[in-house]
Amino acid sequence: MIPLADDAITRDDKALILAYDHGLEHGPVDFADVPASADPETVFDVATHDAVTALAVQKGIAEAYYPSYEDDITLLAKLNGTSNMWMGEPDSAVNWSVENAAELGADAIGFTLYGGSNNEVEMAEEFRQAQEAARDHDMGVVMWSYPRGQGLKNDTSASTIAYASRLGLELGADITKIKYPGSADAMKWACDVAGKSKVVMSGGSKASDRDFLETVETAMNAGASGLAVGRNVFQRENPTALLDGLEQVIFEDKTTEEALSV
Amino acid sequence: MIPLADDAITRDDKALILAYDHGLEHGPVDFADVPASADPETVFDVATHDAVTALAVQKGIAEAYYPSYEDDITLLAKLNGTSNMWMGEPDSAVNWSVENAAELGADAIGFTLYGGSNNEVEMAEEFRQAQEAARDHDMGVVMWSYPRGQGLKNDTSASTIAYASRLGLELGADITKIKYPGSADAMKWACDVAGKSKVVMSGGSKASDRDFLETVETAMNAGASGLAVGRNVFQRENPTALLDGLEQVIFEDKTTEEALSV
Amino acid sequence: MIPLADDAITRDDKALILAYDHGLEHGPVDFADVPASADPETVFDVATHDAVTALAVQKGIAEAYYPSYEDDITLLAKLNGTSNMWMGEPDSAVNWSVENAAELGADAIGFTLYGGSNNEVEMAEEFRQAQEAARDHDMGVVMWSYPRGQGLKNDTSASTIAYASRLGLELGADITKIKYPGSADAMKWACDVAGKSKVVMSGGSKASDRDFLETVETAMNAGASGLAVGRNVFQRENPTALLDGLEQVIFEDKTTEEALSV
Amino acid sequence: MIPLADDAITRDDKALILAYDHGLEHGPVDFADVPASADPETVFDVATHDAVTALAVQKGIAEAYYPSYEDDITLLAKLNGTSNMWMGEPDSAVNWSVENAAELGADAIGFTLYGGSNNEVEMAEEFRQAQEAARDHDMGVVMWSYPRGQGLKNDTSASTIAYASRLGLELGADITKIKYPGSADAMKWACDVAGKSKVVMSGGSKASDRDFLETVETAMNAGASGLAVGRNVFQRENPTALLDGLEQVIFEDKTTEEALSV
Amino acid sequence: MIPLADDAITRDDKALILAYDHGLEHGPVDFADVPASADPETVFDVATHDAVTALAVQKGIAEAYYPSYEDDITLLAKLNGTSNMWMGEPDSAVNWSVENAAELGADAIGFTLYGGSNNEVEMAEEFRQAQEAARDHDMGVVMWSYPRGQGLKNDTSASTIAYASRLGLELGADITKIKYPGSADAMKWACDVAGKSKVVMSGGSKASDRDFLETVETAMNAGASGLAVGRNVFQRENPTALLDGLEQVIFEDKTTEEALSV
């Protein structure tokens, strides 16, 4: 965590990251309800919304679509990722080098760490290389900190999620993306132990506008610095209304009620 | 996927790739019905047909035969491959460096990814290195995207094949070679989710001229950008007629009936 | 072990290393009793105590907090570490390169070796790389020598702890951190076989002031060169008194009684 | 396979390679019947026979003995090899770098590939590195292509041996050494599918002069380009007669009868 | 094996290597009978005896103690080694780079190869790197050739020990250290198959002066070039007498009787 390293992907020290790597992580089935969402252009258009501070995609998507949007979107290069088709302890492939991401115009990198996986040691070492290379290129570092694996019984317990956010601080992330641990208290614990490293809540599976905004509001009040969201945006036919609401809650300190009544 | 990266191996944005790595992948048994096909010169001669936009071979074949054909054939360097003699989760050896392929005159690289294999993570990282090196040499990138492995029950289901083509887009292939998923609808899904990345259908095992052309026609109508074919060409005593037909269907928008009546 | 290599992190050839990597190794649960200890600033403030000759933290903590304390604290870069969430033979991830640590201003490196783990060979080779890189940067080397793994029945027996301290000497540590083996005689053996390499006692879990000081006094009399302590300091609401006492015992050759009566 | 790359180790496009790595592969027991054969000088002296186009040895033997013979013997650097003392899927250690071999004066490299071993992928990648480095040094490449491993039931069947010789062509060997598959037809198939890559027969265990020459004659008539032989030469008290005969059969197109009557 | 490469560590082409890596390989328990032997200075003092042609230690010991003895002792850098605390197939960590050893003033390297271990392939490749780097620095190479592992029933049989010494020759050692195979004939076989590579006998566990000298005498008569000894020297309260005797037997061609009567 380095001061100002995440400036390019935050606004007033807060972040709303639109994540769009589901085609790799989950496959095209995630686009089934809203077929247009399979087309990256649809999602890149959404990402031009003022509320979105960065768009996180894999290398292939960035190569093909980012050049047309580079004036309107801040690119967060999601370096690793994998399909869900194989079996075994959680792991993720490093699909993109930092050097290549920098050449394509990315302002920050994103990296998944499956703490608790029997592959944690290897993944942490890959994170080290990516994090230090990002520093050499003055790029911010976002960790997707998702404990999972044989040694974990409940990967959204308060202590596990607090451990997840602490890993981001200890290992050198500017922003750590964690799952919502189910309560305001647990979220506050996770934010407290992250120190100067920012915490953003992971959007998770699709919810109603109100339910989703309320969870985000709770997270912000607990100390979160924003949100990283995917399906809750692109699985909506018209995500603009939700993004308008998120902008109020995240950047304007509004309540869900206030945001919904705008 | 980068605009124009595949120019050298396409014609009007469509591709007919002649693949000839069966001696490595399946062994000489694939040449048994047409013994002359064991001789690379026979296949290189076929590849001079106007319909063929690129010939995909392994390094050893390229070293020995390509220099005599470099004016008439576009070389697609198939970087990885393996014999079928060993056991275990699908994997493939990287038999050729991008640098060496570029020196030999290749215009593009080909790389197999067995998504769903327990070796997917390692293969994806090898693909990253090859893909980024290809970019440094201004070479196009073709992914052989073949999900298979312990975690997959049916590797030609619609969702698996759509996942396969999406992997090409997400990871940075200009062209992704997939198996025909059995129906026009499934093929259309696979093409839709590939975005700007082109999809070519894999030829598979030998079929009659009419059956094969009809499948290719269906694939083209579903959004495919062409075909990568091996056995359906070199396992024919005289493949010229079929290539003539494929040229009509792929590049001239003709139906199978029209193509067969030329 | 090189003469003077540890000068920056010792005082009169003795060391009191404050270790603060529990957020990575054990998770935030270690901060539960004294919540303020989750905040690195709290611990950095403690580390400005004259008795502390170096503060050992992971890269992320150093990046975020050390720049504000670089005039008052000597940084010991703890290069490897891991969470306790996964299963299998003991191992540790190398989270920090020596080059990066040197740039951030570290004067020495810290490295855990789990001798006796089935991963010992790999960890020893990682230690070699770190140790030799440290020499290139004129940095001291501290080994956390903690035998554990499938092949060990009792990891605090006299012979195991003596083996642990000898590993530090054989492999090139300037200072070796070992667990207290339970008796003055066993501690003396461990110090004797370390030769010119210094031995510091590991603080372990929290104890009363008197009990802890008495153990440290025993260790010093047995030939130890100091202490590396974490929980026994930051799990106290006000650790200053204990640090005052440790200063007397470690640097002023005082007994526990004398130290407590100051 | 590159034209002329094997010129230094062939004579009229044919090869008689004397292989002497049995001390590594089988141990000193192979020298028991003819104790003098344990002394490399004995075998180097044999290798000065006009019929021998190259001598294949490991690095240590080359370092110690080749400098005295460099005017009379062509050195083929056998890069990999291993003892037969360990258990598990077939594998081979890379004991010699191409750079070092080139400095010692080698004109070509030799490399074993155990196709069908569960280590085939790794071995093929090591072969790639060696093969491409050899090209950088203008050295010829000989593959010892020996399918064996868990997935193979019969490693000398016609189809397996044909696969073996094809692997040499596909992966870039100038010469591929295969076992004799038991019949002229099977040998012809193996030679046919090797294309421009030359095939040499492996000598195997010791046979009578007549039996051995007849097998070689059959192999030559089937399309082989020569022989790689070890035990059938050095396990003879006086191998000159056999080498005289082999010279007639391999380079002078003589029959076994004619060769024996010279 | 290269002529003169071992000059610095031999005298009249014979060697008496004092090995002192037991603190790493066996732990401090090896020093229990003669506690002073735990102190490297004690052993370095012994190594100044005229009979000792080189002292073999690990990096940490060399860093701390060699600078005071560099005028009186020839340093043999034992590059790999490991504790005996872990379980599994024999392996050894590379704890020292050749470059670092050269900077510290070493004249030769020592490297253990566990032929027959399922890790033999990896260890042989590590040996290759060390051996070739040693050549670049004009350093001699000594192999500790100790067959052991799952695939070996009796690791001191005549054929296994002969295989061990042959491995040294084949892989490029100037001197190969083997265990005494139990008889003069077996030792002679092991020396014969080592060719120009020198063989030194391993000292093994402690024996009486007479028994030990007689075994050394037998080995020398069988063709050995000397001895590598550890416990039989440093586990004696006063090792000078034994070293005097060894000097007579190894360098002066004396019998045990003659040596004991000096």
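A, B, C, D and E label the chains in the order they appear, each numbered from 1.
Just so we're on the same page, contacts are C-beta pairs under 8 Å (C-beta built on N, C-alpha and C of every residue); 3 or more make two chains touch, one makes a residue touch a chain.
All values derive from a computational prediction rather than experimental measurement.
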Item checked: Cα-centroid distance, chain D relative to chain E, in whole angstrom -> 35
Checklist line | Chain centre separation in whole Å, for chain D relative to chain A (CA means) | finding: 57
Item checked: Junction residues of chain D - those touching two or more other chains -> none
Next item on the list: Take each protein chain as a node, join two nodes whenever their chains touch, and name the resulting shape: line, ring, star, complete or other.
Entry: ring
Checklist line | Chain ring listed from chain A, with chain C in second place | finding: A, C, E, D, B
Note to self: Residue numbers of chain D touching chain B in their complex, please.
What the structure shows: 1-3, 115-118, 120-122, 124-125, 127-128, 131-132, 135, 147, 149-152, 159-160, 162-163, 166-173, 189, 192-193, 195-197
Next item on the list: Spell out the residues on chain A that touch chain B in their complex, using ranges where they run on.
Entry: 21, 23-24, 27-29, 31, 35, 38-41, 58-61, 63-65, 81-83, 85-88, 91-97, 100
